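To start, the structure itself, in structure tokens.
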Amino acid sequence: MSGENIKHHCGVFGIYNHPQAARIAHLGLFALQHRGEEAAGICTSDGSDLHLVKRTGHVGEIFDEAAFAQLPGKHAIGHVRYSTTGSSTITNAQPCKVDYSRGQIAIAHNGNLVNAQILRAELEAYGSIFGSTTDSEIFVHLIAKPSYRSHVEGVVEAAKRVKGAFTLTILTEDQLIGVRDPYGFRPLCLGKLGDGFVLASETCALDLIEAQFIREIEPGEVVVIDRNGVKSHFPYKDAQIPKAQCIFEHVYFARPDSTIFHDNVGFVRERLGRQLAKEHPVEADIVVPVPDSGNFAAMGYSHESRIPLAHGFIRNHYIGRTFISPTEAGRSLKVKIKLNPIRQFVKGQRVIVVDDSIVRGNTAKSRVKLLRAAGAKEVHMRISCPPHISPCFYGIDFPSKKELLAANNSMKEIKQFLNVESLGYLSLKGMLEATMQPATDFCAACFSGCYPTEIYDDVDKFKLENKRKFFDL
Amino acid sequence: MSGENIKHHCGVFGIYNHPQAARIAHLGLFALQHRGEEAAGICTSDGSDLHLVKRTGHVGEIFDEAAFAQLPGKHAIGHVRYSTTGSSTITNAQPCKVDYSRGQIAIAHNGNLVNAQILRAELEAYGSIFGSTTDSEIFVHLIAKPSYRSHVEGVVEAAKRVKGAFTLTILTEDQLIGVRDPYGFRPLCLGKLGDGFVLASETCALDLIEAQFIREIEPGEVVVIDRNGVKSHFPYKDAQIPKAQCIFEHVYFARPDSTIFHDNVGFVRERLGRQLAKEHPVEADIVVPVPDSGNFAAMGYSHESRIPLAHGFIRNHYIGRTFISPTEAGRSLKVKIKLNPIRQFVKGQRVIVVDDSIVRGNTAKSRVKLLRAAGAKEVHMRISCPPHISPCFYGIDFPSKKELLAANNSMKEIKQFLNVESLGYLSLKGMLEATMQPATDFCAACFSGCYPTEIYDDVDKFKLENKRKFFDL
Amino acid sequence: MSGENIKHHCGVFGIYNHPQAARIAHLGLFALQHRGEEAAGICTSDGSDLHLVKRTGHVGEIFDEAAFAQLPGKHAIGHVRYSTTGSSTITNAQPCKVDYSRGQIAIAHNGNLVNAQILRAELEAYGSIFGSTTDSEIFVHLIAKPSYRSHVEGVVEAAKRVKGAFTLTILTEDQLIGVRDPYGFRPLCLGKLGDGFVLASETCALDLIEAQFIREIEPGEVVVIDRNGVKSHFPYKDAQIPKAQCIFEHVYFARPDSTIFHDNVGFVRERLGRQLAKEHPVEADIVVPVPDSGNFAAMGYSHESRIPLAHGFIRNHYIGRTFISPTEAGRSLKVKIKLNPIRQFVKGQRVIVVDDSIVRGNTAKSRVKLLRAAGAKEVHMRISCPPHISPCFYGIDFPSKKELLAANNSMKEIKQFLNVESLGYLSLKGMLEATMQPATDFCAACFSGCYPTEIYDDVDKFKLENKRKFFDL
Amino acid sequence: MSGENIKHHCGVFGIYNHPQAARIAHLGLFALQHRGEEAAGICTSDGSDLHLVKRTGHVGEIFDEAAFAQLPGKHAIGHVRYSTTGSSTITNAQPCKVDYSRGQIAIAHNGNLVNAQILRAELEAYGSIFGSTTDSEIFVHLIAKPSYRSHVEGVVEAAKRVKGAFTLTILTEDQLIGVRDPYGFRPLCLGKLGDGFVLASETCALDLIEAQFIREIEPGEVVVIDRNGVKSHFPYKDAQIPKAQCIFEHVYFARPDSTIFHDNVGFVRERLGRQLAKEHPVEADIVVPVPDSGNFAAMGYSHESRIPLAHGFIRNHYIGRTFISPTEAGRSLKVKIKLNPIRQFVKGQRVIVVDDSIVRGNTAKSRVKLLRAAGAKEVHMRISCPPHISPCFYGIDFPSKKELLAANNSMKEIKQFLNVESLGYLSLKGMLEATMQPATDFCAACFSGCYPTEIYDDVDKFKLENKRKFFDL
């Protein structure tokens, strides 16, 4: 899937009490860059005022010395975001920072609310104005309700109103707050750095800043970090909400070196690959990963099947946002410029190609073609998750159902379309078992169509750009 | 004063019904660039959605083809703005565009409210959140009050709540609205271009786009332009509010080729210069303007006194925001890099230097020094307005009273400080008479200390960056 | 002519023995920016190595802290250059720095050789290679001849081989050398700054860095500045070459506050205007300069005629290279965006418009049209030099003869074309007399067709971009 | 070694007869980006003139539509280059394009001459000037010798004068010429695209543009491509020069999917890994590659040893030139930001780490430390080439002998320094045998100290930046 450009959702970060909070946030976001490549922002607190810099671009480009000069203070939150096209994106970049009756507050949000439109309509009906289409802005409107007595009460009460996926880092003048929705769709972890504390979407951010991993924030937990230390609130504790951790974080989104949902991502992927080999064995000469998305599953497949791993594709890492494609390029250029097969490895071989997923299928098809052109005798495609058939309402930007290959074709048709000798998707059961946790702790709605929450926003009556796409399925 | 870098307030523009609305707005803002050099924005409507691009920088840099591609539609408003330092300025850039219960709306504002803090506190107490410190955001909160039945009703009612200086252009999906406060502090004019209409702070914007000047918007007028044509509302008509046009627009701010407050700016300045010659004649050889701010008054002084005009200073027009000043620069570099005297014109001469105003006085002092170094026998300074002694609460960013030369020194002391043979400020009476309109139609509070409105925001209890400076006077 | 975009030639600068040589050179080039707006370069010497930074763009943009960090040393030369379109221009940017048998040398050149092609062909015939089409590279090839015993001998001997206009600043490891061709086409002056010395095209560069003006470098002088002080060579002293100072430097190119050719430029222009009034008097109400090119001549015309000066045009100074012109702009936009007439000054008036020159005539024609649209009763055009009828072979990039208005039309036709009540060009004799120096000391070939040198390069057999244009006259 | 930042040498490309020559060259250079990341250039011929664009930066950033607009023509050559720091690098960027007596010529060069200083001194003694320190400029001076009768004769004769490593693509008005030195140090291949021909350093460039691979250019071959087709010259055929293909191209430099020296690079690396396993077996649990440089050797090691491959390190691909490192970063940040170990894979394991080479050793040491911190029980380091003990005079920018770990330490000391349980370098014999070609066909001087050519430039008497480093060994 590495070639299909699924938009990641977002990544969040927070640091409390570090003399170089903005620089630490910068490093943290750098480690989380894969969760959002198009815009990033850091908001710091100097104890009395919040300071914000956010812009489109990669983390490494945005934060220069001029930016750090504008970000004084010992506390910070940060955000990386996928973007829609166009420079106006800045409107929706995060964190979202505002003044309100109880002071200043900034929010960074990962996830997607399912009752955003209802809440928004309700808030507008009471006179609220919206400068963006982000869920973060809904949060701050809810927090700003005058009757609450503190930032924290506002956050806790707001968290009870929203439904869906939300992992938040929140900054006030002197507090860092972390929130994870009761389903636990998206990961969030707590670490310690010197005398301060860190919150991050994934542990790879802790590794880079050399913070000590303490624990994951629990689903439904609101953690408040201030001069009194770390204190937890559990606003949903009576609601008996079951966990629904996003299985696709393990399959594709998270970084292989991160630990999320109590397991290492690379490790889980290796087990997915082993399971895939058990479910779909085939006699062949080499196992070729689609780099980098298929690397770990291919490794597992090789380990289980004892068929040797071979780097049959070379990935070009120089491709950035600046590449100008030639106007008369052959149609396969887009695929070829990213991956080139190594003839000598695949020529005359029976090749098992392992990738994490297939979405539209065009990229996969082109790669099979490349392998055949390079002389592969047989091509067997293995996918380390089940077929994608349903949309995600919790923050992953899959294409519409019309475009999903598996939602519209039988296995036989897909096999023909891809032109492979055999095709094997991992089973839903096999995937969930490979997590070695209860199947009920995960959301696998994009594979099963079974959603852990109600979908409130069933009428697209508002003009919200990031909602529209779900309703054309 | 051209060297003293008084921050202009802002400029606004609007175009209704033009196939290239964004490009026309671009040209309009280009003509209004002198009213705000640091940030600019254009918001267009395509009939159902508003589109916004705003950024820091000069108009000519911000709007490229990529920007125009994001600005479809036949209606547009635009804004140019002075800025505080730092790239975070983008937060306060305008227009301010929001979604609310009745649809989408965007506002561009020139001026300064005197009850902004009161309104803001009140709105926050009811749960409103603020993403910027601009008065525009207060407007949209007021407009968004749920009980109004239309955009226009919201605008009219909001206009009744605010006090102070406000000239607005407002864009909805299918309307262009212009608002001028009942005092008429800032100018606003109406023009016709093809089948459409134009609103602009100054007529120089009409000239550039070759629109036909129709009339000025009257103080207290709300003009609504839509498919039914132009319709006016007068929400304050019963309030008997006297006019208070900002005299400093004529003295310094507006472009000499504009017509505002029913007179041409360059023409008024020439009369100010004539009056200055009448009030402060002196035997001398040449009249030297400080370019470009003193050009027209010097012309008038020369015409009246029959003493020949001489371009004794050369101005360097290449100075932009990118110039890196050398670290070991002599202290006079900052003045010299902008203006260089022409030795041959001033050597051995009795020189009358004419400028529009003196604020802190350091720049004026340095210029006198340059003239003496170039051999001037005598230097007589003439200023085409009275001494500045009081702050402006209506949108002009004068330094604090502590820094105002004339607020802290006698005429004799100023003369000594500047090291001139004679010094003459235009009298308040003379300045106002030179307008050839009733003196009571103008606000001259910065010279007289008499404010046409109450100043409600007398307690700086909120942390609003652009308010603080007034209270240290 | 300010609207006609004649390409300036170039400006040169040099500083010997200053702890911040690069920064001083930067300021010097900043003052000389009007002599070349498109590329600039500085080469420094740290005593043993030369360091070069050159780029396209304005001086203020090119030299940032990163650039200064690459430019160590106490000696420097600099260059500003006009450019042809396109980023490849960098190939021809100066200074030109090379290694050769006697060490390192860098050259900055203002002017144009008339035997460049002959020399180039000869050098190529002996095996020389050329990386640019600049005359500077020819110089260094000549200097590099192995038989000379020193940098200085090379420079002096090379100077004997070239013919035409050349004002050079040259840097070696420990010497700053200035060269002015024996005709003295282009200006060059010597100044003192602290313990060091300065060379600059115009004295305005000395003013800005607060250097003391010593004298102008004489035509035919080679001045060598090193640890032994300033020493002059006069390689042409036996050649009896008459002076041929470019009169157009006084008319248009040089900055009004500079002293060149032993007179102040603004002062000369004022006298040109006075002479113009004597030669072409007319009954009228106001004298309106075309800003800024006509400012000083208009002043002189007003002084002489006693007709009052009026700023009838406002110039927009925000126009930079980044302005994106709208696609459907009216044809007069290009003129209007630079200048806007002030209606109130010209309405019903008999207007004398003064400019420095007319080249193609389209811009002048548009301006007359603007004045008439603004209500001028009569328009009388006065030009402070004679009609342009011949090309310049010494460094000024006039359009081809086919495009020169005066080369192809009678006075009557021009008057009709411009649609003016009267038209007056200054006479050749009047112009030269206004310099108050012997007429024979100036080159006025573009007006007279009489060239002070032979034109050797009469066959365009080489593909040299900057030569071609002369031969299509 | 991927973390040690050895500067690649260069890559060259050429295309003859393609309607979009510049765009094809762009793609070709994009595929060769790994051979030079810091500057790139393309020179095209439109049949009568050559056009050049070169700049610092990545290929994808440099060539935009504005650049292509400056590069008309059906023939092109291109170059990618490593750089020293600083923007002045542009001086040494290639191709080098010049005018000379027989027309225009441009050269792109990969390699390093060993008699450059002697030739340069000789040329300078005859009056030549040098604008850069590149060997390319020496070539063009030699080619320009007046007695030759054609471009091609010049190229052939020049090639006889230079000694060392040189792979060239040369463009004239209507010819594309490829040159490979008689030792064949650097690769060069010939391909066919439509009706035209292609030259490229590596076949991966042919793959991307979908050109058909014809053959490699032979050592000592000069191939001239023009309207008459492809014609070869063999100027050294009588000289009996043995082949000396750079073995380090196979070990590290070339892309794994390229075929050079008659073999696929990835394939050779896999065999190097197999041989390494034979020479240095060890009982262990997993084989961990250092990505990406150790990927193929680790694969071979795993295949041979039957110990499973595990992706124990994750590489961050977002690191670009723009990353701002924090000022108070821990010392291990530089290594950690590139690679992060996966705890779960290495914890409690006996780990074999495979990389291609060790240069200074600090990076390798840090990585061992990371593995131990992640819980590795044992760390066994395996390197797929022999120890580096000698400098390269043929274009690879190794650090000086003082800095080379293996040149100054015994195996035992290195093992202690790296803190590993065991250490194994591939033997010289084993490495060469793994190529499956005669050992005498390769240059392995950096491992053996035996140089295939004389080293003429033994006195660093010239100030040539890129030569100095060799003599401090």
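We call the chains A, B, C and D, going by the order they appear; numbering starts again at 1 in every chain.
In this section, a contact is a pair of C-beta atoms (placed from the backbone, for glycine too) under 8 Å apart; a residue touches a chain by one contact, two chains touch by 3 or more.
Nothing here was measured: the structure is a model prediction, and the numbers come from that model.
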Distance from the mean Cα position of chain D to that of chain B, given in whole angstrom: 60
Averaged-CA centre spacing for the pair chain B and chain A, given as whole angstrom: 47
Chain A and chain D: spacing of chain centres that average the CA atoms, whole Å: 37
Contacts with 2+ other chains: residues of chain B: none
Topology of the chain contact graph, where touching chains are joined (line, ring, star, complete, other): ring
Chains grouped in pairs wherever the two touch, ordered by label: A-B, A-D, B-C, C-D
Chain A residues touching chain D - in the complex, by the definition given at the top: 20, 23-24, 26-27, 30-31, 33-34, 58-61, 63-65, 204, 207-208, 210, 255-257, 259, 264, 266-267, 270, 295-296, 299, 302-303, 308-311, 314, 316-320, 322-324, 326-330, 332-333, 336-337, 340-345
Sites on chain A touched by chain B in the complex: 48-49, 51-53, 66-67, 70, 86-88, 90-91, 96-101, 124-131, 133, 140-141, 144-146, 463
